[in-house]
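Each of the two complexes below includes subunit A, the first together with subunit B, the second together with subunit C.
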Partner chain A sequence: MTRLRLLAGPDLSLGPERLHAHVERLGPTPVLGHSLIDMLEASGLTGRGGASFPVARKWRSVARHRGGPVVVVNGAEGEPQSLKDRVLMSTRPHLVLDGALLAARTLKASQVIVYVGEDHREARAAMAGALAERPDPELRRARLVAAPARYVAGESSAAVNLLDNSIASPMSKPPDPHEAGVGDAPTLVQNVESLAHVSLIARYGAEWFKSAGRRGGAGTVLITVAGAVPSPGVVEIEAGTTVREVLDMAGGVDPASRAVLIGGYFGTWVDFAAAQDLALDPAALRERGLGLGCGVVGVISSRGCGVCETARIMRYLAGESSAQCGPCFFGLRALADACGRIADKGSNADDLARLHRWARDVRGRGACRHPDGAAMFLQSALQTFAPEFSTHPAHWRANAGGRDAA
Partner chain B sequence: MTDQLLWYTTRAAGAVSLVLLTAVVILGVLSALRFKTAGWPGFLTTGLHRNLALVTLVFLALHIVTAVVDPFTHLGWLSAIVPFSSYYRTFWLGLGTIAFELLAAIVVTSLLREYVGHATWRVIHWLTYAAWPIGVVHGLGTGTDAWSPWFFTLTLVCVAAVGFAVAYRLVAGSRDPLAAPRASFRSGVERKSEQ
Partner chain C sequence: MEIGIDRIRCDGRGLCAELAPELIRLDDWGYPIIAASPVPDHLLSHAQKAVAACPVLALSLRQAAKRALG
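This part shows the complex of A and B:
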């Protein structure tokens, strides 16, 4: 059984844990100073927003640059399939705020901003309530800002752009936010799950963090299980737990299912059978050319159609381009069109060749990684669903598509 | 003979640079219009613009190096770097030095665009509108062939072509195909009042 850490304590259905209960259970926020960054480095904690960037390295970069830093607590969670940030904020808000407080104190931040998706009402209410309970001056002065419900709004430079210019579209880098972000101050934009882990590492140490984990993984990870599973939702697992074990936790899945999407819409489709023994751990997945992303594990059933599902997601991602860079806006639209033609009108060699070529062409050609994420997602679909893509039939009904197709 | 060869090379490279630079400027001016047809895809304008600019630098380097090493001119390397430092045609040569340095800044920031950022790159790229006329005046002012019919005609054609391209761009306006979708995306992610 998984040792619960972030989600340990009272039942999640009871809603946000209050400050007194949180302190009674875990003790007060420890006072550590700069040694916390060494502890984070020793723990090997990586960011849980999608990029799996080492947390200690980001903190060091913020600390190295001049000016009173800003800490942005990133709970935008724009990924449609992901729920884990919402669940964490709605049930353990003080774990997140402890992490924010530790970041603010360690980096001597002048400002803390809690950035939560505007549609995540429960999470926002829980964070607002939790902020009001905190006596710490850093958190009393914190601002709660609503993130627009768009895919790119949680990207770190988009968050900075919203806070500075009221527009949540990504900005070109350099400078990265950790060099010059909000008001040109070095800015730590950190996912809420990452901050919650920080608060526990500060209390119990790096060795304790690593004592959870299987097959070489360190610590625990929040996973959203989505798609064709009996009980979708958020589970906490030890890093290195296999996809098979995670799907068992979600009620067991039809062994004839077609494929698994690992990492959400910027993730990778993997053949269902091949995915079973994959260890869900950032480092282990990277070795296999995959990524944990935002921790989504999505299942498509044996009756689902990978082509139609891919076409739907590509259409969504194309619509989420902020239209700043031509290759992203026009490239993703062209890719979504070609995908949609195969899904609706049937497979054809021309569109297949275009998909392969354009998916290579759009990569690395945007101010942010939006085109890269969408192209990598598509490339994995072309590989995993290669038979379906080359034999997909035309749909007679004009608006056929989605899971009931094929 | 060698000395004459150097001098001929200087003059020829100067004339070639003028023509190439004019083509680069016109392509740059027109790239904002995003001109494309079935036979001329959009990337051709920008690709030509970039590659011709790099070729221009080669001819400019040839123009400068042959002028400096020519034993009859005694220009010295300093005059290639510091404007108005040459004893010979101080003003007109100084203009050439300035034009070259502006172009060097434009090329270097273009090659390092990822590092200097888009805004800085763009501002420095606007210096083209200073560098090109300064280069043309340098050619008319000091060129050995300046008032020969062929070179004068060439200069006139270049000036007319750039003038026409700029006028056309001003009249046609910048057709940004992303303007409408960008505005619509931005209106969706704009949040004026924060809690």
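This part shows the complex of A and C:
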């Protein structure tokens, strides 16, 4: 059993932990100078928003640029299957705010902005309540801003665009937000789970952080288990825990299940049997060409259809394009259409060939990585569900809802 | 040097692919796919023409790209 860290303390069903209870349990936010960045580097902490980028490197590059930086606490959890950021904000808001405060002090930030999905009602209420409890001047001045309920709203340049221009669409880079973000100030956009880890590393040190973790992984990770499992939800695991162990924590899973989606909609389908021994750790997954992404582990059962599920998710991702870049807007729509045709009307070689070619074509051709994520997701589906994609039957009658009654 | 593109500005007019077909082809929706390698010296003038002709100023010639932060 994992020793809980982020989710340690009172039972999660009790709601947000109040400031006095948080301070009693963990002590006050430590005061550290620039040495915190060295600690973060030694800990090996990587970002938990999806890109797994080293936290210390991000902080250093914000510190390198001139001007009073802005810290954006990123609680816009746009991934439909992911719940872990919401659970963290709803139950341990002060852990997140400690991390924000440490970032603001270390980087000498002029402003802290707490950016939370507009549809995350509980999480927003918990963060608002927690902000009101804080005596720290940096947090008393902080703004709580609602992020639109869109898949791309949590992308760092989309967050900056929303804060500056009220449009949650990604922007062209350069400049990256760490060079010139909110109001052209260097801007740290950091996921809430990453900030919560920062607050514990600042208290207990890098070695303590690394004392959790298995098979070479460092620290703990929040994972959302979704799909065909007995008890879906959020679990805290030691980095390096295998998929099998995580699925056991979610109540055990039918061993005949078809596949596992690792990393959410920008993630990768892996054959169920092959996924069992995968270690859920950003570095270990990267070595195998996979990614932890936002920490979703989704199971598709033996009765589920990988083609239909892939078609549904591609349709969603196409609809979530911010419609700024042609290859993403037109390309994802075409990919979703071709996928949908195979799902509804049965396999055909032309659409299959198009899927392979277009998935290659759209990669790397957007202002953000939305087309890349969708294309990699699709490519993994084409590989994992290759037999289904080439032999998929027509569901036309079943799905058409009477349109073909004649 | 390499050809840089602002994907948000690009409108898929396609002039670039006509002026520098060795470096730029169009995808099925008319948007440019730019060869990943640096522009070879003997094609630099083609690249310059393509950059200058873009009606929405989406293209640029620049030194090797920096890696974006996550």
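The definition used in the following text is that the second predicted complex is superposed on the first by the 397 of 406 C-alpha atoms of A that agree within 3 Å, B and C clash if a C-alpha of one lies under 4 Å from a C-alpha of the other, contacts with A are read in each partner's own complex, and residues count from 1 in each chain.
The definition used in the following text is that contacts are C-beta pairs under 8 Å (C-beta built on N, C-alpha and C of every residue); 3 or more make two chains touch, one makes a residue touch a chain.
Note that this is a predicted model, so its numbers are computed, not measured.
**Student:** Would subunit B and subunit C fit next to each other on subunit A once aligned, or clash?
**Tutor:** On the superposed model, which is not a single observed complex, subunit B and subunit C clash.
**Student:** Just checking: does A:305 make contact with subunit B only, subunit C only, both, or neither of them? Give me first, second, both or neither.
**Tutor:** neither
**Student:** Looking at A:327, would you say it contacts subunit B, subunit C, both, or neither? Reply first, second, both or neither.
**Tutor:** Only subunit C is touched by A:327; subunit B is not.
**Student:** Would you check which partner chain A:148 touches, where first means subunit B only, second means subunit C only, and both and neither mean what they say?
**Tutor:** First partner only, subunit B.
**Student:** Counting only touches as set out at the top, which of subunit B and subunit C does A:96 meet: first, second, both, neither?
**Tutor:** neither
**Student:** For A:168, is the partner it touches subunit B (first), subunit C (second), both, or none of the two (neither)?
**Tutor:** After superposition on chain A, A:168 lies in contact with subunit B alone.
**Student:** Choose the clashing stretch of subunit B with respect to subunit C from the list 4-12, 40-48 or 148-156.
**Tutor:** In the superposition, subunit C collides with subunit B along 40-48.
**Student:** Give me the intersection of subunit A's contacts with subunit B and its contacts with subunit C, in residue numbers.
**Tutor:** 172, 174, 324, 326, 330
**Student:** Tell me, which parts of subunit A touch subunit C in their complex?
**Tutor:** 47, 51-53, 57-58, 61, 171-174, 176, 178, 324-328, 330-331, 334, 358, 361-362, 365-367
**Student:** How about subunit B: which of its residues touch subunit A in the complex?
**Tutor:** The contact residues of subunit B facing subunit A are 114-115, 117-118, 177-178, 181-182, 184-186, 188-192, 194-195.
**Student:** Okay, in this complex, where on subunit C does subunit A touch?
**Tutor:** So the residues of subunit C touching subunit A come out as 6-12, 27-31, 33, 66, 68-70.
**Student:** Applying the document's contact rule, which stretches of subunit A touch subunit B when the two form their complex?
**Tutor:** 143-146, 148, 150, 152-153, 158, 162, 166-169, 172, 174-175, 321-324, 326, 329-330
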